[in-house]
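Chain naming follows the written order as A, B, C, D, E and F, and within any one chain the residues start at number 1.
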Amino acid sequence: MHIATVIAMVAVLVAATRFVLGPSVADRTVALDVLTIISTSLIVFIALYTNRVIYLDVALVYGILSFIGVIAVARYLEGGL
Amino acid sequence: MEALRLFGAIVALIGSLFLFLGALGILRMPDLYNRMQTGTKSTTLGSILTLLGIGLYHTDWFLQTFILVAFLVTTNPLSSHALARAAHFAGIPLTKKTVRDRLAEDEALEAEKAEEEADND
Amino acid sequence: MTEILLILLGIGMVGAAIMAVHLKNLVAAAVAGGIVSLFASVVYVVLAAPDVAMTEAAIGAGLSTAIFLYAIKKTREQEVEHD
Amino acid sequence: MKLMIGFAIIIMGVGIWGLLTRRNLIKIVLSLSIAETGLQVLMISIGYIKGRTAPILDSVVGITDAVHKVVDPVPQALVLTAIVIGVAVDALMLSYVIRLFAKKKSLDISDYRDMKW
Amino acid sequence: MEKTSPNAFIRILNAFIVAVVLLIFYIAWTHVTIVGNWVVIFITAFLVSLIFVQASELPKVTVKKVVYSVIYIFYLFIAIVQSNFDVARRVIQPHIPINPGIVKVKTRLKSKIGRMILANSITLTPGTLSVEVKDDYYYIHWIDVTDMDVEGATEKIVAGFEKYLEVIFG
Amino acid sequence: MIKRALALTVALLLVWMMFDMLINWNAPKDLSGVAREYVEKEPHQLGAVNVVTAIVVTYRGFDTLGEVTVLFLAATGVAVLLSRRKKEPKPGKKKYRPASEFLNTGTHLLSPFIVMFGAYIFLNGHLSPGGGFQGGAVIASGVLFLFLVFPNFKLNHLALNWLESTAGASYVLVGILGLLLAAGFLDNRFLPLGHYGALLSAGAIPVIYTFIGLKVGTELSGILENLKN
C-alpha cells in the first residue's frame, strides 16, 4: 500500500512536468485531467491511512465535478462558450 | 481475510503502476492526440484498479468505491472526447507521421460545397 | 509519509502559482489557477479538514475556472507585457 | 505544522508579487485569488494538531474522548465561508473588468489613469 | 385543475424510477438503515428528477438484455486491459513505429445512450479515440491506421461492441 | 524596472515578516479555550455529528448570516454591472458552435445526479462533511454544466428569484423562531434533537442548512448567468 502511494506521488510529479512543458493550452488541460484523477486516488489512499469513511465524500465530489473544468476549457477552445 | 487484504493491496499496486504509466505517457508521446490516448486509457484503468483494490482491502468500503468507479468511467472518456474535439477545431496539428485525416478532408469538402451553393444563389 | 506528501503538494502549489502569475497566455494561467486550488484541496484533506476540502473542490474544480474563462472570452485579448 | 505554514506564506508572497507587477487586469484578479488561497491554507495549518483527525464524531471518534482526538474546528468554520465569499468577490471584480473593457477596449492597467493622483 | 394526460403520467413514472435509482445510490453510499432517512431522500430525489426527466418511453427490460449487458461489461473490461498493455508497450519503447491518423466509421445504432456508450467504449479500447460525430459517421483518431476505408475500419473498430449494444438498446 | 524591484522588495518584506512570526510560533499540543468548549459541549447541546457544521450554523450563526448577505450583495453587484450593457444595441447575434452529441446525452444522463448530489450534501451536512455552502456550489456546478453544453439554455428567472427570496426569508424566520421558542437567535433547539446520528436530528440544523444551500446555489447560478450573457 505504501509503495502504491509513493508511485502515485511520482505520477503527480511526472504529470506536473507535462503541465510545465506543455506547448499549448490543450496539453496543459490534459495534464489537469490526469492530475485530478490521480488526486482522487490519493484522497482515497489518505482515507485508508486515517481510517475515516467521511473522506470518501470529498473523493466523490472530485469524481463528479473534476470533468466540468476540463469541459469548460474544451468548450472555450472550440468557441462554444 | 488476510488473503483478501493481500490481493487488494496487489491490485491497488498494479493500479497505481498504471496511473504512473499514464502520467509517463502524457510526458513522452509526440502529439496531443496520442497523449490524450495514453492519458485517458491508463488513468481510467489505473483508477479503477486502485479504487477497487482499496475496496477489497477495506471490505466495508467496497460499495462506495464501486460508485466512485462508476462515475469515473462515465465522465472520463466524455471529457477526453470533448477535449479532443475542441483541440481539432482549435487547429492543433497532428504529428508529422500522421497518415490521413478524414475529418479535415470532409470538412474541406463541406466548405467547398457551401461555397458553391453560395455562388449559385 | 504525510510529510513527503505535503512537501510534494506544497512544491506543486508554489510552482503552479508561479506559472499562473508568469504565463502570457491567459487561458493557460486560468488552468494553472485551477491546479493551485486542486492541490490546495488535497492539502486540506491531509490537514484533517474535509469540509474545507469539499468546498475548495466544488468551487475550484469548475466554478472558478469557468468564471475566469467567461471573463477572458468577453475581453479576448492576449496579454501585453511592458517592462 | 510549520512546514505547510512556510509554503502558504510563499504562495501569498507569489500572489502579492503578481498583484503588484502584472499589467493585465484579469491577471491581477487571478493573483489576488491565489494570495487568498495561500491565506486559507495558512489558517487551516495553524489549526492542525499533529496526530489528530477531522472534527466529525462518528464510530472512530467517540463523544467522550473527542477532545483529545480532533483538530481545532474554529479555523475550518471560518475558512469554509471565506472560500465561497472569495469566488463571489472574484466574479464581482471580473464584472468590473468587463465593464472597464467595454468602455476603453483595453485590459492594460496603465491605460486607466483617470483616478491616479 | 390537474389534467393527467398520458404524457404527464409517463413523466411522473420516469421521475419515480430515477428517484428509486438515486435512493439505491444513497443507500449504497451511506449504509444507512433508518427508514426516516430513506423517505426524506426519496422525496428530495423525486422533486429533483421531476425537473430533469423528459417524457420518453422507457426501454423494456428483458432477461436477454440483462445477460448481454453483463457480457458487454466483461468484454469491455478485457478490451480496456488489452489497450493498457498496448499503451504500456508504446510508452516504454517509444521507437515502435506509430502510424496515426483520423478515420471514419459508420454505426448502425439509433438510441442516443447507446451511441454515447459506444463512443466511450471506443475511447477506452486499444489505440482509438473518438473525435467527432456527424449523423451516423464517427471520426476516430487511430494510433495505428491499418485500414483507411469506411467499411474496413468499421469492421475492425466498432463491430465487436455493436453486436452487443444493438441487442441491449434495440 | 525600478517599479518591479520595488514590488519584489515589498513582497519579500511581507514574506520575511511572516517568516519571523513563523520561527517564534509553537505548534499547539491541545485544543485551547473556545474550541475545547465547543467540542466538549456540542454533542449534548446541539446533537450534530459534524462539529464544524454546528459552529457555522449555530454558535456563529450571525457570522453566517453576514456571509450570506455579502454573497447576495456580490450577486446583485454583478447583475447591476452587467445588465446595463444590454440596453445598448447589439452588433449581431452571436453564433455558438453546438456541443457534440455525446456531450448532450451525457448531460441528460448526469445532471440529475449532480443536482441530487448537491441536495444530498446539504441534507447530510450535520452527519458528514458538507453543508449548505458546498451543496450550493455543487448545484451551481450542475447549472454551469448545463450552460456549457447548451449555450442557449435559459433559467426560469421568476422561479429563481422566488426561490432565492423565499430561502433567504425562511432562513431569517427560522432564526426568529429560535429566538422565540428557544434560547436565542438561530438556536436550533426548538425542534427535537432526535436520535443522535439520524438524518432528522440535531434540531433545526438541516432545515437551516437547506435554506442556506438553496440560497447559495441560486445566487451562484445567477452570477454565472449574468456573466454568460
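Convention: a residue touches a chain if its C-beta (ideal position, glycine included) is under 8 Å from a C-beta of that chain, and two chains touch if they have at least 3 such contacts.
Remember, it's a predicted structure, so these values are computed and weren't measured experimentally.
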item: If a chain touches chain B and chain F alike, it appears here; value: A, E
item: Steps needed, at minimum, to go from chain B to chain E via contacts; value: 1
item: Maximum centroid distance from chain D, chain identifier (CA atoms); value: E
item: Comparison of A-B and C-F by number of C-beta pairs in contact, larger one; value: A-B
item: Separation of mean Cα positions, chain C and chain A [Å, integer]; value: 12
item: Intercentroid distance (Cα basis), chain C paired with chain B, Å; value: 22
item: Distance from the mean Cα position of chain D to that of chain B, given in whole angstrom; value: 32
item: Residues within chain A bordering two or more other chains; value: 5, 12, 29, 50, 52-55, 57-58, 60-61, 64-66, 68, 71-73, 75-79, 81
item: Where chain E touches two or more other chains, by residue; value: 25, 29, 116, 119-120, 130, 132
item: Where chain F touches two or more other chains at once, by residue number; value: 4, 50, 52, 97, 99-100, 102-103, 106, 109-110, 113, 121, 128-131, 133-134, 137-138, 141, 144-145, 148, 220, 223, 227
item: Interchain contacts, given as pairs of chains that touch; value: A-B, A-C, A-D, A-F, B-E, B-F, C-D, C-F, D-F, E-F
item: Chain F-facing residues of chain C, complex; value: 50-51, 53-55, 58-59, 61-63, 66-67, 70-71, 74, 83
item: Residues of chain F defined as touching chain A within the complex; value: 96-99, 103, 110, 113-114, 117, 121, 128-130, 134, 138, 141, 144-145, 148-149, 151
item: Contact footprint of chain F on chain B as seen in their complex; value: 71, 74-75, 78, 81-82, 85, 89
item: Interface residues, chain A side, partner chain F - complex; value: 54-55, 57-58, 60-61, 64-65, 68, 71-72, 75, 78-81
item: Chain F-touching residues of chain D, taken from the complex the two chains share; value: 1-2, 5-6, 9-10, 12-14, 16-17, 20-21, 49-50, 54-58, 63, 66-68, 70, 72-74, 76-77, 80-81, 83-85, 87-89, 91-92, 94-96, 98-99, 102
